[in-house]
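Both complexes below contain subunit A, partnered by subunit B and then by subunit C.
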Partner chain A sequence: MDPAVPAIGSSLPRVDGVAKVTGRARYLDDLDAAGAWHGATVRSKTAFGVLEAIDLDPAFDWSQVVVATAADIPGANVIALIEDDQPALVKIGQRVMHVDEAIALVAAPTRALAFEAAKHITPRVRAMTPVYSLEDALACKQPLYKDTNVFKQFLIRKGHEADAELDAAFARAAQVIEGTYDTSPQEQMYIEPQAMMAEWRDGRCFIVGSMQCPYYVHKAMKALLGCGPDGVVITQSVTGGGFGGKEEYPSMLAAHVAVLAAKAKRAVKIVYDRDEDIAATTKRHPCRTHHRLAVDAAGEILAVDIDVVMDGGAYLTLSPVVLSRGVLHAAGPYRCPVVRVRGRVVATNHPPHGAFRGFGAPQTTFAYERQMQKLAIARGEDPLALRKRLALRSGDTTATGQLLGFSVGTDEVIAAIEGVAGTAPTRDGTGPTGAPVRRGRGVCFYFHGAGFTGSGEQRLAGRATIALTTAGTFEVRSSSTDIGQGSITMFTQIAAGALGVDASLVSVIDPSTANVPDSGPTVASRTCMVVGSLVDQGSRALAGQLQTWAAENGLGGRPLLEIAKARSAHGELTHTVQYEPPPGIEWNDTTYTGSAYPVYGWAACLVDVSVDLDTYEVTIDRCVQAVDVGKAINPSIVKGQIEGGTLQALGWAVLENVVYKDGKVANANMTNCIVPTFADAPDLETILVEVPYPFGPSGAKGVGEIPMDGPAAAVANAVENALGVAFDRLPISPEAIAATKSQWSPS
Partner chain B sequence: MKVTLTVNGAMHAVEVSPWKRLLDVLREDLRLTGTKEGCGEGECGACTVMLDGEAVNSCLVAVGQCDARTVTTVEGLARGDVLHAVQKALVACGGAQCGICTPGIAVCAAHVIDRGLVIGRDEPSARAQVRELLAGNICRCTGYQLIVDAVIAAAREVGER
Partner chain C sequence: MTSYLRPRDLEEAVVARAAYPNWMVLAGGTDLMVNANHKPIPGGILDLWRLGEIGFIRVGDGAIAIGAGTTWHEVERHPAIRDRLLPLALAAREIGALQIQSRGTLGGNIGTSSPVGDSLPVLLALDATIEVASVRGRRSIPYSTWCTGYRTSLLASDELIVAAHIPLPGAGTWTTWRKVGTRRAQSISKVMGAAAIILDGGTVVSARVALGAVADRPIRITAVEDAVRGLSLARAAEAARAAVRTSIQPIDDIRSTSVYRREVAENLVARFFTSAAGVS
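Right, the complex of A and B next:
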């Protein structure tokens, strides 16, 4: 093989690396559009009520600006996603559902003028009694969604048909561990705020911006603009982070810039302020999980019974799918004959909660891994040994009855942690500042389903195209976006490897709905595993086509590059591959049984903490994650993914929080809505474990989300180990620690 | 007001309000869009530039304060096509993911390295030092580990020259 062919498993430097370190990479706000105006959004300020009027301040000079309202929307006034319940702009006479809901839009030649003008528009809302708590939502005195306030509910049953059988299993138990776990909303805090630009040319709308899923925006814009697939073109610009936060919300900005651009008759750009971004866009669903675990005298699990309730916020958005992933992970990666999981996601007057790395699984993982810790303590058993004893392995079945056949990295990840754990820190001591500290160690074990849930991939039938261009180079065409996770580098590596050519001859084109097939959204840890596999197959098929052509044209046996050169003179040659599910993957959406995911990632995590006894702050002294990724196509990129996700999880555990007051984010700025800095972060130890997935490219499976699921529980377990008090609610803030002082175990 | 400032070695005179943010003058008037805005409130460090040899958040600096002063942005770190050691190391180590924080981090880290603030220390204390000196720059993608690796690698390379 040509020595310049990048090997699978080598850390090819990012193909976009130089552009990013030199400042040449152009994000949306860096793009010029001649004469582009700036847009700003007028928001409700009232959490719940009926919009009666939109008042324009008569003293303001409106001659320089354009104002748009729901009346200017050419098609359906909805952000089409799962259900069409969310409007792009609230229409007069309709209900306002949250405090930062968009009411009107302004465009002006400068951003400052647009924001100034927006301040002179006042929505007049007749207020009604809002609903904020899960209890009030479920009690449904004020219906927000249908007559139940329940957006979606699920019931999973394993090993029993009626509740009485479950009760009987609990009645047989030698021990029952029971707890309620509350996790907080979390802000994605991508460093590039939401940003989008639109321009109309010859009756077509061209939208470019920061996003994860061009075809989601495309679907939403077809409905909103009332046009066919060619009436609107969606293009991703270089995107400064997403983590789920740019999965559904960009459709909202796209709607707004499209409407403004039509009215202003020029390009219009909207770039959110940080405060606005934190206040108005989606966050991780706050969640309450009630978990009961029954074990026999030997410590074997007899049954689990779990009830999950999430706050979906004002509109349905992606909540059903988030809840689905949450309930499907809720029983954890443990053997258990009898399982009942109930889940509900409810409507409130908070801004809609949405996608964030992990997508419901971090919430329920926190609950089950706290439960396992309590079981270990109750039995006086070593926490890691207990997990090893009860963990799922090949041949076992999950809560949905999925028989695990391959790529189960349980023993490998646990062994990796055992191998590096070393002695636990001494409990009492002094910290670097001389303050007294209590130290503790926590572990957790967890899994994460890779790819879409159930039959999602079959339904989507994603496609990717590999092309030989007329220039004799190769192109990968897919709608998968690189949002920092490195997909364009990985695709380059996979395609170059499969074709056997130098990486510099392969380019991954910018995703634009005009040029790429729908390979599905960049979500669910599916890009490398699912789309990467299409790229792999497509590249091999294209190479085969070239060999066939060569044989027919007297070039048989020549190097591929030479053949490609000769063939390119006759025009472009492409090969498109469509997703085919691996054999034996069957899912029943009605009974919620079968193969919930084609494969799972497996992980174990060890965390050492110290709690400062003066300031009550928790410091993460050490964090090791061992993650089974199937195969690391590019170990440096995979490591970067795991470390980024790990720190988001550690932040969620001890310092991040979104605080709502009267339905509004009370800490909507980076000063108060904090995320970990260089100084807050420990050195992260990452162990890549590779138990190949037979249907992934070179054995790779999803990695993007899994690191987010486990560490928060490991931290809580470590803090409990240090202080002797259970922490079942996130974040474990200094206030939370201080409140337990009287219960700490004696030193 | 007319403000004269030297940016990446070139002299510029701009006619602007003295209250305009240095960040906006760089991005809008000089079309140097490498410097990013992540928060506009001095918290994220994406807008970091060097002002007379000190790292500042350009979103907090009014251009009126910059008259006759010298600014270095990310566009000024490389010499032609030759990247600064920290830029090379960030690429090699995988320290840039989405890249939106990278210009600010590269500027700040180049400063730290060029001043020799990390050399002559053992690994743990060098790492702690890097973490402290870069604590004003937030990265949400990397977990910081590979950035710290890159800065240490670049500091060693520069120190050995």
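Right, the complex of A and C next:
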């Protein structure tokens, strides 16, 4: 092979790397937008009530600005997603559902004037009694959504038909482990806040901004603007992080800039303030999981019974899908003949919760991996040995009855951890300040379904195009966005590898609905596995087409580049591939049985902690993750994904939190809504395990989300190991640890 | 329009300060800029950044004088401060992180006079004196009397902070500092404190102990100072713990709880004494 062809499995430097570290990459707010006005959002400030009027201060000079309300929306006043329940702007007479709901918009020549004008607009809201807790939402004294407050519920049954059979299995148990687990909301804290710009030209609306999913925005804008697919063009700008936070929310900004730009008759951009971004945009769903686990005298699992309740916030948004992933992972990667999982996601007057890396799975993983720890303690069994004994392998079935075949990395990831574990730290010791410390070790084992749930990928039928341009170079055209995770580089590597050309001859074009097919959203750990596979197939097919053309034109046997050069003189040549599900994938959406995901990633994690007994702070002394990724196309990027996801999980475990007070984020700033810094990060040890997925590009499967799922439980298990007290609620803050002091095991 | 003045020297600065007492006095701006979005725009800015006369570190026989305009980075890497005023060097190293340390100044920390100002308990424990200047002349204010309430001080509206004078601890004095923040860097203190413990062998002759983030201002814990006199370090640690318990009423806020702050304050102060045992 030509030595310049980047090998699959080599760490090609990031294609976008130099531009980003030298500051040349232009994010939305850096784009030239001569004459563009700035938009600001007027928010409700009342958690629940009826909007009676929008008062404009008569003393303010309104001639310099443009004000827009729901009345200015040309099409349907909805953010079209799964259900059309969320308006872009609350209309007078309608209900206000959370404190940071958008009521009106202002555009002005300067940002300062826009913000100043927004202060002079006051929504008049007749307040009603809001609902914040899961209990109140379920009791439904105040209906927020239909007459139940339940956005969505699921019931999974395996190995039984009626509750009585489940009860019988529990009655046979030698031991039942039971617990309730609460996980906290979490802020994505992407570096670039939400940002979007719109301009109307010749009756068409051009929207550019920071986003994960151009076609989600496209769908929402078609409804909002009441136009056809060509009436609005959505283009992604260089995006400074997403983590799910730019999955559904950008449609809201797009709606706002589109309406303002129409009214102001010029380009309008909205760039959120950090504080506004934290307060108004989506967070990880807070979740309560009740988990019962029945085992026989030999320690085999007889049954699990799980009840998951998530707080969806004020509107349905993506909550049903988040809950779906939550319940599908709730029983964990363990053999179990009888499973019942019930899940509900409820409406409250919190701002809507939404997508965040892991998408429901981290919440339920925390619960089942705490349960496995308690089982190990109750049985006096080594925690990793117990997991190894009970783990799913090829030939076993999951909670939905999916028979596992290929690419089950259970033994490999557990062996990887066993191989490096070494002896556990001594429990009692002295820290660097002279304070006594307690040390502990925790492990966890977990899995994550890659790609869309159930028949999602089939319904979506994502497409990607590979083109030979008239310049004789190659282009990858897909709607998958690079949001910092490295997909441009990964696509380049796959396409160049499949075509057998130098990486510099392949470019991945900036996603715009005007010039890329819908490859599906950039979510669900699917970009490499699903879209990467389309790029791989498309590149091979295009190479084949070129060879055929060469044979027909007397160039047979020549190097591909030479053929490409000759063919490009005759115009562009493209090949588009559409997703086809692997054989044997069947899913029943009614019974929630079958192949929940085409394949799973598998992971094991080991964490050593020390707890400072002067300050009750947890230090993560060591964190090892072994992750089965199928194939690491670019090991350095894959390790980066795992390290980043791991640190996000460690932060969620011990220090991150979003605190609501009267329905409003009380810590809406970077001072108090903290995420780990490098000083908080331990050396992260990452072990890549490769058990190939036959239908992924070179065997690759999803990696983006899995590292987020497990480490929080491993930390909780380690702290329990150190102190002898169970921690079943996140975050495991120093304050929470201090409060358990009287229950610690004796020194 | 906001006026702007960058004085050539301290003389010009104090004249401007007297003429425009409502102008914003700007040093590194690391406190002021955080509030820029929420505060009314000032009539004018008096910019003291890099004003030579307040940017110095002078090592004298009995004291080190540190100009108000000295950045935390300069404080942290100064050999005499590391050697003789270790608690101040330790505090400097934990204020924000490198970027903040390169801009933020000692004078700004004193000027903001926040209960969570990390250097302030050090100034209390090391018995610093603050030198201020105005058109009326110069005066020295013992730091122990400086703070008058939540973010208020004895600094008059026509005065500027010139320097902190910190006496060098004697040979038998053990000094220390400790911060407990919301995380390891770029964090606001939940509890922090400093101590200077004068020892005779293993016995405490006297001590100055100060805490931050447990009251509306940084405070000396005199109950501890009274309780430990003449005790062995081990007994002093226990006496100090008990004295802290009854002398502070910290608050619950978005960053921590009253219970936690009190408990950690006790532990830290007790630790100040037990770790002194390791060196005496």
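Convention: the second predicted complex is superposed on the first by the 747 of 747 C-alpha atoms of A that agree within 3 Å, B and C clash if a C-alpha of one lies under 4 Å from a C-alpha of the other, contacts with A are read in each partner's own complex, and residues count from 1 in each chain.
Here, contacts are C-beta pairs under 8 Å (C-beta built on N, C-alpha and C of every residue); 3 or more make two chains touch, one makes a residue touch a chain.
Just so you know, these numbers come straight off a predicted model, no measurement behind them.
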Touching partner for A:Thr677 - first (subunit B), second (subunit C), both, neither: both
Which superposed partner A:Leu155 touches (first subunit B, second subunit C, both, neither): neither
Subunit B versus subunit C as contact partner of A:Val659, first or second or both or neither: second
Which superposed partner A:Asn667 touches (first subunit B, second subunit C, both, neither): second
Which of subunit B and subunit C A:Pro734 touches, first, second, both or neither: second
Winner by number of subunit A residues touched, once subunit B and subunit C are compared: B
Which superposed partner A:Arg24 touches (first subunit B, second subunit C, both, neither): first
Partner chain(s) touched by A:Gly434 [first = subunit B, second = subunit C, both, neither]: second
Partner chain in contact with A:Thr615 - subunit B first, subunit C second, else both or neither: second
Set of subunit A residues, in rising order, touched by both subunit B and subunit C: 273, 671, 677-679
Complex contacts: residues of subunit A adjacent to subunit B: 11, 13-14, 16-27, 29-30, 188-193, 238-243, 273-274, 483-486, 636-637, 639-640, 642-648, 669-671, 675, 677-679, 681, 683-684, 686
Subunit C - residues contacting subunit A, complex: 34, 37, 97, 178, 180, 182-188, 190, 254-257, 259-260, 263-264, 267-268, 271, 274-275, 278
List of subunit A residues in touch with subunit C within their complex: 273, 433-435, 613-617, 655, 659, 666-667, 671-672, 674, 676-680, 734-735, 738-739, 741
List of subunit B residues in touch with subunit A within their complex: 27, 32-41, 43-44, 46, 73-75, 77-78, 83, 87, 90-94, 96-103, 106, 127, 130-132, 134-148
